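Below, each structure is written out as structure tokens.
Below are two complexes that have chain A in common, paired first with chain B and then with chain C.
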Partner chain A sequence: MASAAGIGRRPYEGRWDGLWLLGPLLLFLALLLGFPAVANLVYSLSEVRFTGLWSPRWVGLDNYATVLADPAFWGAVGFSARFAVVVTVAQLLLGFALVLALDPLIAKRRWLMAFLLLPMMVSPALLGVMYRLMLNDFVGVIPQYLQLVGFSGNLLDADWAFTTVAVIEVLQWTPFAVLALLTAYQAIPGELVEAARIDGAGSWSVFRRITLPLMVPALAITGFIRFIDSFRVFDHIYVLTGGGPGTLTQSLSIYIYRTFFQQERIGPAVAASMLLLLASIVVLRLLMAQMLRGSRG
Partner chain B sequence: MTRLVAGLRWVVFLLAVLILNIPVIVTLLTSLKTTLDINAYPPVWLFAPTLEHYGTVLTDPALDFPRYLMNSTVIALGGTVLALGLGVPAAYAMAKLGKGTTTILPVVTNLRALPLVIFAIPFYLLYQALGLLDTRLGLALISCIINLPLALILLVGFLQDLPQEIEEAARVDGASTFAVLRHIVLPLARPVLVAVAILSFIYSWNEFLFGLILSTRNAVPVTVGATFFITSWGVKWGATAAAMMLSVLPPLLLGLVSYRYLGRAMLAGAVKG
Partner chain C sequence: MTNILRKTLLAGLALPLLSSAAMAGEVTLLFWPGPESEAMQKVLDAYNAGPGKTDGITVKQLLFSRQGYFEKEQADLAAGSSEFDLALVTTYTLGRYAPYLDPIDAQVPAEVKAAFAPVSLQSLTLDGKLYGVPTDISVHFLYYRKDLVDRLLSDTEWQKRYAAIAKEKLGREMQPKAPDDWSWDDWIAAALFFSAADNPDSPTRFGTVLQMKNLIFNIMLWQATLVSNGGDWLADGRPAIDGPAARTGLQVYKTLIDAKATPPGSISYEYPEANAAFQAGQAATMLQWNAAFNELNDPAKSPTVAGKIGLAPLPAGSAGHKSHVHSLGIGLNTASKNKADAGKVVAWLATKDAMTVYAQAGGTPPVPEILKSMAAARPEFPLVGDFVDRYGFVVTGGTAAYAVPVYEVLAEKFSAFWAGQIDLDTALKQAAEGMAERIKG
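Moving on to the complex of A and B:
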């Protein structure tokens, strides 16, 4: 910590080094994260209105009870979980397939990666707007071509909205899976594959017995990162469907946003945030422990 | 046979690039079409390009678009500078003096894994009280928070690998920590500083949720401003597409130019976070 007490100080360290090096960051964090932490806790236990933000009325756990009894909350939890699982699995499969297909090409020409990584540079919100343009009934390329093949449905209606927002997420972030998996794939020692081939192993058994087992840690870590990122999805869904039709594509992030800004139910919205925080911490701890054990075993 | 396989790999690569980047490609084409061509059915792919929509977007006073671009630039630069200003000294204290590695570092790096929306409501309330709603400073502070985890992870990682002997010589000569940081560590750290700066800029530029919540008029960034086009400019797809292209261009160009750094930095930032 930033104590200037001098215990454990390095011989060359100035008396105030810890303070001026770490102090600004600590102050910044205390102000900008400390307040939100306290505010979240207090407001989640209070009834409060936009007109009296500084005079919250204590209501105990009422807000939590309200949220936990709200079917829309559970709908949002369900959507986020389903969405995260579906897009994570799709990204891993697609990313791995692309790595296997493209490694010989990219190994010799690193610059090809630049074009594969581009989608990640695009703001998800702007990507959402671009798809609005592409999905527009009158000028959009997608409906126009779909009409040519005889499909006249709307890709943002109740039947298709989930698929549409999931496909967009997969297309934007599969490059991340390619990047992460390619690094791991290229780290597999060539001699290992050579030796197996000399012993008469076919392509499939090399993949099955050498490549796949060695890729498991990278697949797990990549999947973990993509899962937590897509579980909190907000931007492109908000822009494309606003969580609709109805609440069909309402992720937990959108649920919290709507509850606060559109319905102005501050207490329940904050309580939902706290539940999300709690769930995140629990899930993170569990997965971390799991992965640590996995990487040792 | 091997040539056939190699050819197939190229086909897969080109298809993948095309499909992954199709939104940007279509938007670019739309932005260069006349309104007549945009409305053509079936869609036209060959047309005489025009820059009229870019002119409209950049000059029409009814659209606030140049201001959105300016806001995003100021917010992203501000957030990046703040994150580096707070992150570099702190990372040095962590990596070289062993301070805060078990307390502050994990707190900050774990931030990355938390859903941002958790902070949305308290920040709205805090900013309302402080008069920071709808200000660039307010959004730059948020950018800083968003980028701190990445900055600290990359900087601490770099500094830990930096051999102690390099600065020891200067220490023997009696150089202060500040002098060592300023004259020895910073110049050596230039590549990692550049990577952090570019990634921070891109992430800040692309941020949407807090822009949506904390800005209404004056400080609106392009990501939020672009959504205004849809509601208020529903029919003018050419102008919308041009605005979209101008909005994604800075991060796209940065990404293209520095993909080498970025790939590695993004991975390290994500994996260790």
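Moving on to the complex of A and C:
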């Protein structure tokens, strides 16, 4: 068929058609990714203000030095790292537990999966607004119930703010872990488990020697995606606490946003985002290498 | 095929260019959605139905979402967008926007300006040039429960208890006064008296409700404690935020926090949360924006407190009563391709006719004559005009390009102090350093 289609055509006829077809996409990518990437690089090495976006003044690595010497930057990095680790571990544990508990149920009732995914569908900013209402001391439902069991504190004060924003993140994104892990869990060959049972393995042995090892790649990928996403957290924290009390819940994304838009320190903000990008690339590279090594093994 | 693709691409590129071309006689106002835009729509409707017909101009609104509005507007202005001719300007963003706005002194001459409260014009003026028609003024009130304070002023048992609490907590003899005469200490004493933590018989759980979220608007509210004690952002052109006035002001809030006279969550509160506390009858006093009164005094929305609310100026410091004032206004985009028409609309917006329609539709125009005339419908309006006139201030540098960055650094450091994250000396030192850095740019 292929040779029939080529009959009567000169060897290079139509070679530009491909370029024309690809052109819009390439142009789109160049504009959408290439231009901002170059602009970011330039701005991160310049002093620039909104009033002079087209005339940045070259300052070399000064912005990077400023950011790296800023305690607020390291505070934000520390918060983001701690937040990402805590919520990722919690989501994986909770997600895996839900998969183990609900798999038989979900296999029979597919609609349950759609129900479980609902929290993920809510916009994080909207979630922040919802929790602002639910956590309000005077009109919120959560403090009312907590008071019934003798808790009179406030879930957004300095002692509780981190826990509160972490729990909200876990509640919203654990369904993602369930979705990713359930697919991997259901792909475990039944005959392996069956053979182990015949050999006398108990539930714990089956889990430890078969289920868990076979789930490791899925756990790693899910954990990686959730870690990166949680590290960049912005919406619900910004709406709920504004990064406070003080700067106790200021994530790196909130730091960058405030530095860029509210403090109008464009150079340092872009330098911070470039550092975030660099860190993400290093982590991604290490993880990909690990995964490729694992798949070859 | 190549030809078809090429033509399609060219057509695709041409469409946005064609659609962006300004249409003669059509003026676009970039605004944010909410009560202000709803009121403004009525003003624009009035213009379109009246003077607009004569001028051959139609005005429409283009609404960006409220979240991150100023950043979006700034990005568009900086990009030289001509998609809108008029834009919302505010006191605190004026310095950033001014490079992309035309002064409007020609459209708003002195005789028209005379109708406006002077501080409202000052709040939209930079380097001696007016950049916006002030359409909405914001000032702060001390909201208090009139029923409770009246009883405090007449009930001897309550007065004895008040004096005992003041003696014990503030270390001196004090007697209750009318809120119009309150100093910051009087306010603190009243807040302690009306707090269950210090007075188990208090009719309210908290004496007040503070707003201390890391947010620039909360600093605007707080800075009356600074200015009323003789402080300012700058002294002799240099940051003066680490002076004694700021120290006193920060301690006013801290005293109330430590005494549990404000809800524990108020470290994360802003406007709506504070309103909710007062609305629920759980707080006896509140420092709040004038905009809250209408809702709090509405029996349908606030059955517990409606009709029981008193309004007073914010408590006085050594320099008397003071209140931060800022304005929303309408500015003229330098990049507009329809500037002549847009200028006519600006001139009309500054008239009493336009401002009257705006006030009747729910806005708060800084025109004392109009505010007074609407006392029956909006009882707080005459006080707005009066307080703006008598106590209103715009901090030195409050309209400069560094205003928002400075508010930002103050919000971050002071919120951290109130939350117990850093001590007072550190907060003041870091605030002054951050301020100097932002001003230097």
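Operating definition for what follows: the second predicted complex is superposed on the first by the 283 of 297 C-alpha atoms of A that agree within 3 Å, B and C clash if a C-alpha of one lies under 4 Å from a C-alpha of the other, contacts with A are read in each partner's own complex, and residues count from 1 in each chain.
The rule is simple: contacts are C-beta pairs under 8 Å (C-beta built on N, C-alpha and C of every residue); 3 or more make two chains touch, one makes a residue touch a chain.
Predicted, not measured: the structure shown is a model, and the values here were computed from it.
In this superposed model built on chain A, chain B and chain C take up the same space, so to speak, and clash. When the shared chain is aligned, chain B and chain C each come close enough to touch A:Asp17. Once the two complexes are laid over each other on the shared chain, residue contacts for A:Asn40 go to chain B alone; chain C is not touched. Contacts of A:Leu105 after superposition: chain B is touched, whereas chain C is not reached.
Contacts of A:Phe28 after superposition: chain B is touched, whereas chain C is not reached. Using the contact criterion defined above for the overlaid structures, shared-chain residue A:Thr183 touches chain B, although it does not reach chain C.
Within the superposed three-chain model, A:Gly243 lies in touch with chain C and out of touch with chain B [touch as defined at top]. Looking at the shared chain after the overlay, A:Phe234 reaches chain B, while chain C stays out of its contact range. By the document's definition of touching, of the two partners only chain C reaches A:Gln262; chain B does not.
Using the contact criterion defined above for the overlaid structures, shared-chain residue A:Ala158 touches chain C, although it does not reach chain B.
Chain A has more of its residues touched by B than by the other of chain B and chain C. Shared contact residues on chain A (touching chain B in one structure, chain C in the other): 17, 20-21, 24, 53, 125, 132, 136, 138-139, 261. On chain B, the positions that touch chain A within their shared complex are 6, 9-10, 12-13, 16-17, 19-24, 26-27, 30, 38-39, 41-43, 85-87, 89-90, 92-94, 96-100, 103-104, 107-108, 110-111, 113-126, 128-129, 141, 144-145, 148, 168, 171, 176-177, 202, 205-209, 212-213, 222-224, 226-227, 229-230, 237, 240-241, 244, 247-248, 251-252, 254-256, 259-260, 262-263, 266-267, 270-271.
Contact residues of chain A toward chain C in the complex are 16-17, 20-21, 23-24, 49-51, 53, 72, 125, 132, 135-139, 153-158, 161, 240-248, 258, 261-265. Against chain B, the residues of chain A that register as touching in their complex are 1-2, 8-10, 12-14, 17-18, 20-22, 24-26, 28-29, 32-33, 35-37, 39-40, 43, 53-54, 98, 101-102, 104-105, 110-127, 129-134, 136, 138-139, 141, 144-145, 148, 171, 174-176, 179-180, 183, 221, 225, 228, 231-232, 234-235, 238-239, 252-253, 256-257, 260-261, 266, 269-270, 273-274, 276-277, 280, 284.
The touching residues of chain C, counted against chain A in their complex, run 1-2, 5-6, 9, 67-68, 70-71, 74-75, 78-79, 96, 99, 212-216, 263-265, 267-268, 270, 273, 276-277, 279-280, 282, 401-402, 404-405, 408-409, 412, 415-422, 438, 441.
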